[in-house]
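In structure tokens below, several structures.
Shared between the two complexes below is chain A, which pairs with chain B and chain C, respectively.
Up next is the complex of A and B:
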């Protein structure tokens, strides 16, 4: 009779559980990718095929090049919005980069001020920052719409940059403040004595030393705004529309363009996946370093 | 004078960290600010550096008022307790950093860094990062970053406290040698009495934000101005015994309850002039002689604890209700509980007024 040691049994159970979890997480992504490479007919066929029988690039050609081919042409269901996918991609990129730049710059200055200059009321300021995240976004929809309209920024990516920055900034300030507080004051004092101004000490010493937290904040800001849907739907229409609300327009009264939706999803997922794969260790270290002294 | 502090005061909220400090530091002098934790020595140093702003008072460096000048404009260099090396820069870049900020040409930077590295014997470390260095090496890099600038005054904030005992002894002498060789003015902060005594031209002893005595190490040790200084300086500390002046059979005595000690007419006169009735007798452990046989005028005591240090023995002696420490040679023989007899070196006896705490003798 084969006996299994308790340790090996534990390992086997752990691996099984991991396989289940990984499958649960990756299965939708796998389905997304293979569906983007299927024809419309194969996508809606029952029973579904788990490996595409007829691989096709027509969905990617449809959204990136505006080529109406294959099944969309035959059915006459190619959505007009699909022509604007490249523009939406540009809008998403500019919005995400804009939000990242605003959050990182303002976050660094705010966090430095709170952790180093320690103005009066800094604890209250931090609490106010964090409490802003407690407010449900839905409640802000109408007031923000009115505000953005009053500023003349409806259907302008600047509005999205401002709104998403306001969303992400409290978290960025909190992460950076916690991290800056772990950096010894002596380092900065040494820089001031050696010849730096305060800003110089921040740029030449504090920032290079705190790049894991800065990277984590930048990635968090980028990813949060890249996938933003709710405010993009409310505040944009044609010119400043980003990828998530645009994909929603692939669902029409006539048909659901699964192929185009899946292809758009695959393209939309690429930047966050690359960022996560390349920078994942910085995300973790940047977020937890401030928590551990 | 290189550095002058004039009625310098610093409050942190309601806490008075530095209290009306006056200090004049001479050119090429090695002066130490010595005191227990929280006495205000580091704050005073930071006020000189410009890293803190005084609540009131003035700081002058080379006759220039510097209160409104930022640290970078005061021409000072500082070595921190933690060394504060920039972790993202190599040793070369750390040492060169002040020169790069001063827009010194690259060639000159290279030359001066090499010269400094040679002086400190760290040439082979120039391409390493701080995390790859030992404590002693980091300390020398921190020194290099300070001395490359040729400032008016060096400020050292407990730079040896993170080193092991052996390295600390070596670096003490290295620092003194370096200071003499460079001919620089140095203000040194420490809580370590041995560092202060062995390295300084003068010691400023601080307590509760004030300078309580400013003198050479020898003079401070031999003639403490106050009860507190007498009890602070010395290891083991000075024995302090409450007493009062009495007269018996025409002889003047110090009466400590369990024993009396005869004093000369001159000392009695000084005590009389001070008009003190409550006194404190101070005698250092090394100024007590211990005998195993009773003789005239010796004080009876009982051996309580023996601490063998190798080169000497510290004896805790019970004299009535008091515990008195004496320091004797390594050959001293006695058992715990045995009776011994003490004599005080009268030339090194100290008498303090208990109320004012000031030294009378």
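Up next is the complex of A and C:
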């Protein structure tokens, strides 16, 4: 007779639970990915196929290169908006890179001032940045729209860079300030005695040892603005439209093929998911520290 | 002299970040507070003070109470789902089993997916004619025929909550996992020697010591859920028949579809105030717990 010890039973239950967890995390994503690789005919099969029978890149060619397959042309399922996806991809990339550059540069300068130069009122400055983190973004939308319109920047990615940078900066300043504070003062003093200027010390001494915090700041700024929807949908319309609002537009259209939308979704997911998987440790520790503070 | 120079450089370095945050966070925040007591004319950019009439209009509007109800419904259901699933996940991922590190890495997949893509993905899963959920459930004979999940009042809110929870769970799981890992192992060993079973150890040790982590998850998730927007915009657009039209959805509609900026600002501030009250209530209970 086989007896199962409580220890082994617990192990077995844990493994089953682990399988359920992995299924829960990946199944929806898997459905998105395989749907982007199916032919149109297979997409509308009932019951659906869970492993694509005919793998095809035609949806990606369609959404990226505007290559219209004979069937979708005949059905009139390639609306004008789909042609804008490559431009939206460029806009999203420029916006996210712009936000990352602005946040990292302004963040490093501000954090260095607060943590090292410590001018009078630095606590107040830190308080201002910290309190900006809890402002509900919904209250900002209307004035930002009026402001951006007055500046003539509606439908311009500069407006998006400005708005998303301002929203990411408080977190970046906080991450960098708390990291700089852990770097021993002696390191910098030695450089200052050697005739280094303050900014020289920042560049040569502080930054080389702060790359984990700098990288975390860059990743968070990039991901936040890459997926940013609310302000993008308000502040852009046609020329500067980024991927998230364009995808939202696709979803509301009834005359567009599911395959094309799913391909657009998969492309939009690639940069953040790769960043998340590659920089897993940074992100996890950054998220946890950011939440607990 | 040196002090003065030090001060100047210090302030100079703060200026860029400060300017951006003042311009695009604090100035709009104050401006929209002022606007909430005004009427705004979009043609001439002129404002006219109207006192509390925007707020009065909100409270007497027939969409207001249902919107509050749906906001609470959405937030509470999302919160309950997120806490239950992420607590279970954190406990499993804390076990010493092979594959847990892989699962911890995979946790970040839902977290990293942009909100609109999450919406698109679930819209396609819930699709009434060709969706994966209908396919699986009919093949398993759970439902007799395909259901239009997002168009039925009975299921639309549930579907939106489910999609929202999927994206919120990883973050909460990470915080709870960090909390569980900070519990000293000796406590479990001692309980084991005393003959406590797994359930007892969970209730008597894990849960009480996890209280602060759970509270942090509660606070952050409530604030996120009260302001949920992307998922509702993409999945249901507030429908069917306003069944998923939460307060934030109305704020957007009135501000940027009807372009009523005064009323929109008042709605935004009402929502902001609700958010603040909830946050303060949580913080109070959090600090009371930490003190003893």
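Here, the second predicted complex is superposed on the first by the 255 of 293 C-alpha atoms of A that agree within 3 Å, B and C clash if a C-alpha of one lies under 4 Å from a C-alpha of the other, contacts with A are read in each partner's own complex, and residues count from 1 in each chain.
Following the convention adopted for this analysis, contacts are C-beta pairs under 8 Å (C-beta built on N, C-alpha and C of every residue); 3 or more make two chains touch, one makes a residue touch a chain.
It should be emphasised that the depicted structure is a prediction, and the values quoted were computed from it without experimental measurement.
In the three-chain model built by superposing on chain A, chain B fits alongside chain C with no clash. By the touch criterion defined above, A:124 lies against neither chain B nor chain C after alignment on the C-alpha atoms of chain A. After overlaying the two complexes on the shared chain, residue contacts for A:209 are found with chain B alone; chain C is out of touch.
Applying the stated contact rule after C-alpha superposition, one finds that A:189 touches chain B and leaves chain C untouched. In the superposed pair of complexes, A:200 makes contact with chain B only, with no contact to chain C. In the superposition on chain A, A:53 contacts neither chain B nor chain C. In the superposition on chain A, A:270 makes contact with neither chain B nor chain C. Looking at the superposed arrangement, the partner reaching more residues of chain A, out of chain B and chain C, is C.
Annotation: superposed on chain A, chain B and chain C show a minimal Cα-Cα gap of 6 Å. Shared interface residues of chain A (contacting chain B in one complex, chain C in the other): none.
Contact residues on chain B toward chain A in their complex (touch as defined above): 46, 49-51, 70-72, 76-78, 80-82, 84, 86-88, 97-98, 101-102, 145, 149. Within the complex, the chain C residues that touch chain A are 6-7, 9-11, 13-14, 16-18, 20-21, 23-29, 31-33, 35, 40, 45, 85, 88-89, 92-93, 95, 97, 99-100, 102-117, 119-125, 127, 129-132, 135, 138-139, 166, 170-171, 174-175, 178, 198, 216, 220, 223, 227, 229-230, 233-234, 237, 248, 251-252, 255-256, 261, 264-265, 268-269, 271-272, 275-276, 279.
On the side of chain A, the complex with chain C involves touching residues 10-11, 14-15, 17-18, 21-22, 24-26, 28-29, 31-32, 35, 43-48, 50, 102, 105-107, 109-110, 112-114, 117-120, 122, 125, 128-129, 132, 134-147, 150, 162-163, 165-167, 169-170, 173, 198, 223, 226-227, 229-230, 233-234, 243-245, 247-248, 250-252, 258, 261-262, 264-265, 268-269, 272-273, 275-277, 280, 283-284, 287-288, 291-292. Taken together, the chain A residues at the contact with chain B in this complex read 184, 186-187, 189-197, 200, 205, 208-209.
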